[in-house]
Amino acid sequence: MNGFLDLAAANLVSPVILSFALGLAAALGRSDLSVPEAAAKALSIYLLFAIGFKGGAAVAANGLDRTLVLALLGGLVLSFVTPFVAYALLGVLTRLSPLDRAAVAGHYGSISIVTFVAATSVLEDAGIAAEGYMVAVAAVMEAPAILSALWLVARSGQGGRMDAGLMREILLNGSIVLLVGSFVIGAATGEDGLAQISSFIVAPFTGVLCIFLLDMGLVAGRGLRQVRGVLGPGAVVFAAVMPLAGGALGLGSAALIGLSPGGAALMTTLAASASYIAVPAAMRVALPEANPSIYLTLCLGLTFPFNLTVGIPVYVAVSQRILG
Amino acid sequence: MNGFLDLAAANLVSPVILSFALGLAAALGRSDLSVPEAAAKALSIYLLFAIGFKGGAAVAANGLDRTLVLALLGGLVLSFVTPFVAYALLGVLTRLSPLDRAAVAGHYGSISIVTFVAATSVLEDAGIAAEGYMVAVAAVMEAPAILSALWLVARSGQGGRMDAGLMREILLNGSIVLLVGSFVIGAATGEDGLAQISSFIVAPFTGVLCIFLLDMGLVAGRGLRQVRGVLGPGAVVFAAVMPLAGGALGLGSAALIGLSPGGAALMTTLAASASYIAVPAAMRVALPEANPSIYLTLCLGLTFPFNLTVGIPVYVAVSQRILG
Amino acid sequence: MNGFLDLAAANLVSPVILSFALGLAAALGRSDLSVPEAAAKALSIYLLFAIGFKGGAAVAANGLDRTLVLALLGGLVLSFVTPFVAYALLGVLTRLSPLDRAAVAGHYGSISIVTFVAATSVLEDAGIAAEGYMVAVAAVMEAPAILSALWLVARSGQGGRMDAGLMREILLNGSIVLLVGSFVIGAATGEDGLAQISSFIVAPFTGVLCIFLLDMGLVAGRGLRQVRGVLGPGAVVFAAVMPLAGGALGLGSAALIGLSPGGAALMTTLAASASYIAVPAAMRVALPEANPSIYLTLCLGLTFPFNLTVGIPVYVAVSQRILG
Amino acid sequence: MKMHRAKRVAVIIEAVMQRRLTDAMEAAGVTGYSVMPVLAGGGRSGPWTREGEVSRAGGMVQIVCIARPDKLDTLLSEVFPIVERHIGVITVADVEVLRAERF
Amino acid sequence: MKMHRAKRVAVIIEAVMQRRLTDAMEAAGVTGYSVMPVLAGGGRSGPWTREGEVSRAGGMVQIVCIARPDKLDTLLSEVFPIVERHIGVITVADVEVLRAERF
Amino acid sequence: MKMHRAKRVAVIIEAVMQRRLTDAMEAAGVTGYSVMPVLAGGGRSGPWTREGEVSRAGGMVQIVCIARPDKLDTLLSEVFPIVERHIGVITVADVEVLRAERF
């Protein structure tokens, strides 16, 4: 318990989390502070490239764990399965239409890479090691949940749009390609490669993350200003309960697979997090009738801050306790 | 005197100043060199975040000086008072309308954060310490001058627009929020926080400043190409005399407050500098009939380069001489 | 030979080249991965500033080699002459119109600064020294080839547009001004200046180059997707033969001038490379009837990747062998 | 396809006035508006460009509103007082729209 | 100068649908189209802005196509099914063009 | 509100020609013009996009000029020679403006 409180406290007063809080506060106070769209996209390219590369270089350094294939498979299954849990939970807690429930469910099956990155920072600061290939697991978990969501919609009688074009868009969306690509580059160039670019992707990483989270705070705060019109209390409860449910599934899988405590914390975080970059874009194409305000506010306005502040320390502490 | 010449020489051949000169020359020569707007905004976010954070971390490290409150108050008063000096001086030196004089006066009461940052660099290179909270003083000085300008306009019989909305816009404008916010984050996370992100906000700082000043040079040079049509000789004289007058007020206040020589140099610089980011935007809303070419050319085209090249070394040397 | 294979292998599995390959693959696979235009421009400003500054600082450190003037003159002549070789070769290998041949020829006489930067990295990794002023030679080589191209067009009876305005645009285009300007700043501030900003322009350089090459790969891949409609097999052969021909001229000049093996490798690379930033813009103004798809696809889609992967190791190895 | 007559009101105005203008449009009861960037321009007060600018002052945006013809007068009388004291250009054009019920 | 009548079709639509819409326009046989950015907007589903956004969801673009009047019907019938299920506004205006042979 | 007839001339042209075109407009005596970005497009010479581009070649901008109807001919005859040899589209539309004295 002490370990958890220390972790939680250290996390809450870290520059990273406070930068997010600053963005949130600025947006809620209606300051005109804003990060240009091009800069926000550039920051996200940096983060994806850096995290992918470091994961690959770690794999090159430590060799391939025999659990790698299991972890990838586990991630795949989690991403497929979690939407069903979310869909059922939404049925209990809210009065959303089946279509909106399915759309939201797809987001929670998929992952938020920034939440993953934040968890990685927390582990590093606490000196807890984790499998480098977890970033590949993250990439694998992005897309399958979308298919589950569309299946849920089809079952409920409404047809979503899904064709070969959309399928390719989903599988080859920029963040998956960049994450996997830089992972492969990191694995191929190994320690030598890392040495060449570590003063770009390692040293300033946490600082860049602060600015990115400042921006996420601004965007999340803007969404939250409209929350009252959009979400009922049940949905708000869902935004905090669902990560715990998803996290529990993630932790269970991690234990079965045999991940290290650090790796398990990351798997838990991935399962607990909800997408707000790749999945919303796919949903606008596939399910245009679903209300985007609902899933964006839930994922980015509520679950993302929840995970960042409360969730990650819990996932790390519990993983340590159970598997440590 | 020697000290001053050394400082001035070191300042003039620093990469930072030469980058500004390069931008100026490129714009005056009508090169198509340009920095994208999104990149310029991203750079300014970086600089504000870095300077705020470092100020806060310094306060956390050194404890709160008992002069902090006095310095904040002093900044407030300076920002309120300086516009009256500027307004009177403009009345003597130029034939500008009362409206344009008031608008210009508001800019000189407020501050230029980049000038402040450049002064900080000069102090650092010269190994002169300064109070970390001076960045909070900078934040406090941004807005009050706008109110003085509006009061001057009202007195001269023309009505500016000022309502609750504009007041909130001014007080919560992006640069104030970011500066104060990152100052608080730096103060809250202290040396630990700084250690986490110093290879982002400390190590590359001077280099980033070079690129930003390159851009400022380009923008200033563009403005200067139109100076002949806009400003008479009296206004040009004002652009060099007013910073000295403002700086004298700043230095006097610093002496009264009891700041260190480094802190006094910064206070002098703040009082001597003129806003060209936050105040122009507020003036366009509040005083749309005032001619923006006048205040932009004065502040960015003339006073900014003056302070950067001649002003800062003078302010540092004189502060050292008088208070050192 | 061994030296070459080692170099080539080290080059091919470097993060820099693999990032380019990732971009290329993503574009060819029609992923939506993209770098915002503003970010791409900001990266190119960074690279030009850094490479120029470092070159200037090197000159300040090592003193002016007596070969400097010869090298600048050599670059000038190469840039003027190479278009004629390219024009003749295109006449043999393709059925392009004289206008298109002249336009393409202008690109190959000029230079690609990113190719130059990549060659610099390879030299650094291999521990081979080179003259710092080669970056000034690069700047000198940008523009003359455009005049040769226009002369070729005029000779073939079609009139290009060339007036004082365009001439100034070409000579003062952003990349020349930034390269020369930062070279001068580096030379003026020397080791002191470099020390102030080296954690911005030296340490993260290779990492930034990776992201820039990712973007170049994306842009090149987009162009390549249209190659079949635009270029015949003769043009494709040209894209690989011309750099070797240009490179041979460059190497010969370097030997005559008496450059070090490293400097000779850079001179060879410059002569072998083809412009795809400055020259296309000038050609659109001067020769609007020439087909831009042809020269962009040749320079960026084919010759650039050729030089990056095969060319540079060859140029370095051959320069070492002949002059080492 | 069945088309309906509508008005396209386009206001080029200083960026700092954007929110005030869209508030006025909403007050006039329009169903929507879109904001487009303006990169550069020239007029009686000389040329300008957004390149390298950090301040919001000195840039302009274009705000486009498609409205039913009968709403035009209300719209203009809400919008005009805001544009009046500021740099800006208002144009109104006839257009046809699908799905008239949306406007 | 000799001018010719043409139609200016402007579609404001979600950015994620851009490629599908321009594909449909090409299928309708237009000679070209241009895509312009939209920074922000407001409508029945509330206000939005691109500021600080990373995701392509939630932004809009404007796609403008100048077409010969006799191509308008084909164009609209190709384009409408795509806009129908999505957030978006289609307007058609009369314009005059030089060089009619280009459209 | 009192409206006046005017012409909206919109030229989509290669970005490298921007200054030459606005110079020509000024030479024709217009009171102002605005430059808007174009992100992407397609035409007889294939599709293009600004994404990731560093070079100014290969992008386009839209230049919009609101002018009094009687200035149209001068304007077009100044502008046409510049557009003629280049990729570009000129459209002219009827609009109404407030504050006619400004044009």
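We just call them A, B, C, D, E and F in the order they show up, numbering each chain from 1.
Definition applied: contacts are C-beta pairs under 8 Å (C-beta built on N, C-alpha and C of every residue); 3 or more make two chains touch, one makes a residue touch a chain.
Every value quoted in this text rests on a predicted model; they were computed, and no experiment measured them.
Shared contact partners of chain B and chain C, listed by label: A.
Most remote chain with respect to chain E, judged by CA-atom centres, is B.
The rotation that brings the Cα trace of chain A onto that of chain B spans 120°, given to the nearest 5.
The mean-CA centres of chain B and chain D are about 34 angstrom from one another, to the nearest whole unit. For the pair chain B and chain E, the distance between mean C-alpha positions equals 45 Å. Distance between chain C and chain E, defined via averaged C-alpha coordinates, is recorded as 39 Å.
Rounded to whole angstrom, the centroid-to-centroid distance between chain D and chain F, based on C-alpha atoms, equals 18 Å. Residues of chain B in contact with two or more other chains: 32, 34-39, 41-42, 199, 203-204. Residue positions 36-37, 56, 93-94 of chain D are each in touch with at least two other chains.
The chain pairs satisfying the stated touch condition come to A-B, A-C, A-E, B-C, B-D, C-F, D-E, D-F, E-F. The part of chain F that touches chain D in the complex is made up of residues 1, 3, 6, 8, 18, 22, 26, 31-37, 61, 66, 93-99, 102. In the complex of the two chains, the chain B residues touching chain C come out as 13-15, 18-19, 22, 25-26, 29-39, 42, 125, 199, 203-208, 210-211, 214. Residue ranges of chain E in contact with chain D, taken from their complex: 12, 36-44, 47, 60, 62, 73, 76-77, 80, 89-94. Those residues of chain E whose C-beta lies close enough to touch chain A in the complex are 14, 16-17, 20, 45-46, 49-58, 85-87.
Remark: chain C residues 36-39, 41-42, 45-46, 49, 53, 168-169, 172-174, 177-178, 181-182, 184-185, 188-189, 193, 196-201, 203-204 touch chain B in the complex.
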